[in-house]
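I've put the structures underneath this note.
You will see two complexes here that share subunit A, one where it goes with subunit B and one where it goes with subunit C.
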Partner chain A sequence: MTNQIIQAILLGGYYALLACGLSFMFSVMKIINLAHGSLLVLAGYLLWFLAEHYHLSPFVGLLIVTPLMMLIGWALQAFLLEKSARGGELLPILTTFGLAIVIENLLFEHFGANTRSLAPYIGDLSWQSWELFSGVYVGKTSVYILVTAIIILGSLQLFMKKTPLGRQIRATAHDPDTAGIVGINPKKASAIAAALAMGTVAISGLALGVRGVFDAYSGGPQLLFAFEATIIGGVGSLWGTLIGGIILALAQTIGANIHPQGFLLGGHILFIIILLIRLVLAKGGVSHRMKAAFGGAK
Partner chain B sequence: MSCLQVNNLDVRHGQLAAVRGVSMTLNKGDVVALIGANGAGKTTFLRAISGAHSPAAGTIQLNGNEITKLSSHKRVAAGLALVPEGRKLFSNMTTEENLLLGATSARSGEWNIEKIFQVFPNLSKRRHTKTGTMSGGEQQATAIGRALMSNPDILILDEVSLGLSPLVVDQVYQNLERLLATDTTIILVEQDLSRAMKVANRAICMLEGEIVLDKPMSLVTRDEITDAYFGLHKIRTHNGDAA
Partner chain C sequence: MSQWTNSVTIQRWTPSSRYAIVFAGLVLVLLALAPLFASNGLLDRLTALFIYVILAAMWNALAGYGGLISVGQQAFFGLGAYFTIRIADLGLDPFISVALAALIVGVISYPISLVMLRLKGGEFAIGMWVVASILHLMVNLDGLIQGETGISLVSLNHYDSAQRLTIIYLLTLGSMAGLLALLFFVLRSKTGSAIQAIRDNEEAATSVGVKPEKTKQLLFVIAAFGIGVAGALWLTSATTFLPKTYFSVQWSAYMIFMVLVGGIGKFEGAILGAIIFFLVETWFSSTGVWYLVSLGAIAIAFSLFLPKGIWGELERRFNWHFLPVGYQVVEKNKINTDKK
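Entry: the complex of A and B
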């Protein structure tokens, strides 16, 4: 039992790391990036490509892939999301949905149907573990992933709260017109925010590849876990994402205990229960309730 | 020296011409009261000057530089600051954070957070309070402080007393007096005519998107302004034509 809880917490850390970029874009820029999963897989493929063809350890590869993903994030915001966000709240969702399909199929066309993993390129680390106490082992990569999630979420939170740039990004998210009147360049602030989000996606891509295998169409499930973790934790709170990830993993573990096939179902059921609770508890009309359910604690 | 020069400015909301061929020249140190009924085009005019709304025609010059095509954040950097109607604070941030955001353009000048708290002493105890939970007067003071943090050459105050109790309005204007003593150029929209006449040294009246009166406050009478406000002079002329 203890073992299962510990493993679930570690898995939750992984979900939180997957969700970093999605949660950041959702809470800060009010954009639900449905291409999040595919971009994550793209980062995974880039790391794999560098490892396979240039014998770069994925950790070193991150030094190249992170700036590259940040550049992609900046370009996405400047050339795609910025324009589509002007068309209303729903348009960015459609745009990123389309983008996800494009990325998936390009990846499939280029890399084929074989599943890939980054585990072979990190040596012994992929199977090493620590013995916590008698009979309970934790995988080193899992622990590293949890720690990374905490560090990233924590530093994002600090960055947003304490730095001038973080303040400018928050102000732009709140009201871009007023941000301009105050002297902030709203386009620049949003583009930097998107670049940061994609920077974390590069690291999530590493976690994805190190922890298991992926193929061109692996983005969907990753997006789903990330989305559930974000919503369960409450949009607007980056720490909430960590808690959300852990709660999701615990629910999945409980589900798997009840029935061998209950792993995914446990997570989904919890997700729906939490949505329903928020829907019932929220005050006001239907649209308010819907917003509260998805927007979470404010 | 002219500080702000507006030439034949046209601003539209779709089909509606909200501001039509407005020209004006502001000199350094002017305190202008912009007077007009609801819908006269005051706010649209000020939004066009501050860059929140792009004009259909005409030019705007600030300190001799063309700013018509600049985006609003660049106008702030050029020395223009707007306190928008309805305050538009970042309500989920603290007073201090709002003020710091005002300093984003990093123009040099005398204003800093401590100075703002000196001028608006009621704010200092609200330093770490989220502005969304503060009273209207405190919010208005924060909005003015935020605009001042950019050390503007021209400060535009749009409806500072909107939604505030008379007592609080007095307080805001008391604070403003210290500001008026400096040589900052100010454009002020105020519905309370006697207050506007007391504070400003120049009156500009707008009616249906046009300037119908532009005189030094010392040379203008209350009746003249009231006529311009309601467009009474127009009716008289029309009657005159008919007769």
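Entry: the complex of A and C
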């Protein structure tokens, strides 16, 4: 029981790490990036490619892949999101969904149907563990992933709150035109935000490959995990994403205990329950019900 | 003011749209007679085309008129097929099962709409994907389906193969025509005007007494029912139910492609998009992955550079209104004669 809870918390850290880039983009740019999962898998493949063909440890590979992903983030903003965001809030959903299809099928074309993992390239680390207390072991990679998630979410939070650049990004997200008047370059601020988000996606890609296996079409499920963690934790709160990830993992663990096939179902159903709670708690929702119940004016 | 109202009039039909309706009727009659002369292979392909038209029209109803982008409509496609299997297993005729299954999908979509329609924009889009995922996993729990191994609609064997093909063909043609007519009349009705008002500006629409929730629910349920019909019919023509294939997000990708290319929010656009998708699929699907890459890339290109799609562009250039669902204000002395 204790063991299961601890493992679930570690898994939650992994989900939070998957969700970093999505949550960041959603909260500061108001864009849900449907290509998030596929981009994450792309990062995983890039790390795998460097490890397989150039014998670079994935940790060293990250030094190459992170800047590369940031460049992709910048390009994404400059050529896709910038233009689609101007066409209304629905257009980015369509363009990023189209992008996801392009990326995953290109990956399939190039890397084929075999599943890949980064675990073979990190040596003993992939199976090493600490004994927390008698009989309860935690995998070292799982712990590192949780710690990384905390560090990234914490630094993003600090960056957005304390630095001038973070303030510029927030101002741009709030109102790009007014931000422009006070001397901020909105295009630059958005491009930096997108680059940052994709930089974290590179790290998420490492976690994906270290923790398990992936193939070209793994992006969809990863997107759902990341999205659920973000929504459960509450949009706009980066720390919420960490909590959201952990709650998601706990729900999956409970689901798996109820039924052998209940792991994924547990997480999804919790997501729907959270939505229901959100509806009931929503200010408009409650006051509307009060009015309806007490025959208010309307 | 009175001068202004005297000089204009409201037009709902244009001469070209009257011809278009007659033409559409003739095409339908011709298609209905097709089993008399067309080959089995052609009938089979046309059945697929009709299902694409249904899918595109339904996704367009939701996105183009309701302003609701969903990447989870495969939920209802899969459910339509699943309930057909379930009901046929009780010993009912497979084609009666199709009808019942679609009705059940429509009924189930109502409670789903209550929760999901409170989500906005991208949250609704992925939220629907989560719903599809839940339904997929729940269907897998049913022992009858045997997990991802799937199951066949064996009761179809009661019909000999030529007869079966003709029945499926005519049933699909009829469903397509019926669903398009339903959509056309809903969109032209008072509710339709409300629907389009909400899409264009929800706050303004609410201020003149439109109830956004009710109208969006109506669209959601119609779309779910229509896609349920499509899933059930697809099962009859493919005979095997594999949960993974029916609940695949690829169906949403196809719907989005068809509607974006044809013209989002244009009644004719969805039909045109389905025909284009059908031709692209016929010619290029053998290229496998590159075909899918192109679908995604074309969808991006259209949403960025031609957001109204091909039909929107034609409508703008030639002022074509073949199946008009809106109102047009025209000056009295030059009532639309389609020669602008």
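What we mean here is this: the second predicted complex is superposed on the first by the 284 of 298 C-alpha atoms of A that agree within 3 Å, B and C clash if a C-alpha of one lies under 4 Å from a C-alpha of the other, contacts with A are read in each partner's own complex, and residues count from 1 in each chain.
The rule is simple: a contact is a pair of C-beta atoms (placed from the backbone, for glycine too) under 8 Å apart; a residue touches a chain by one contact, two chains touch by 3 or more.
Small disclaimer: the values here were computed from a predicted structure and weren't measured.
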Message: Quick one: is A:Q168 in contact with subunit B, with subunit C, with both, or with neither? Answer first, second, both or neither.
response: first
Task: Could you look at A:I181 and tell me whether it touches subunit B, subunit C, both or neither (first, second, both, neither)?
output: first
Message: If you tally the residues of subunit A touched by each partner, is the higher count for subunit B or for subunit C?
response: C
Field: Contacts of A:S84 with subunit B and subunit C, given as first, second, both or neither
entry: second
Message: Contact-wise, after the overlay, does A:G135 reach subunit B, subunit C, both or neither (first, second, both, neither)?
response: neither
Message: Using the touch definition from the top, list the residues of subunit A that touch subunit B in their complex.
response: 164, 167-168, 170-171, 174-175, 177-186
- prompt: Hey, which residues of subunit A end up touching subunit C in the complex?
  reply: 26, 31-32, 34, 80, 83-84, 87, 89-95, 97-102, 105-106, 108-109, 220, 223-224, 227-228, 231, 259, 261, 264-265, 268-269, 271-272, 275-276, 279, 282
Query: Which of the residues in subunit C come into contact with subunit A in the complex?
result: 63, 67, 69, 71, 115, 118-119, 121-123, 125-127, 129-131, 133-134, 137-138, 140-141, 249, 252-253, 256, 260, 289-290, 292-293, 295-297, 299-300, 303-304, 307
- request: Could you please specify the touching residues of subunit B with respect to subunit A in the complex?
  value: 50-52, 71-73, 76-77, 81-82, 84, 88, 90-93, 97, 100-105, 146-147, 150
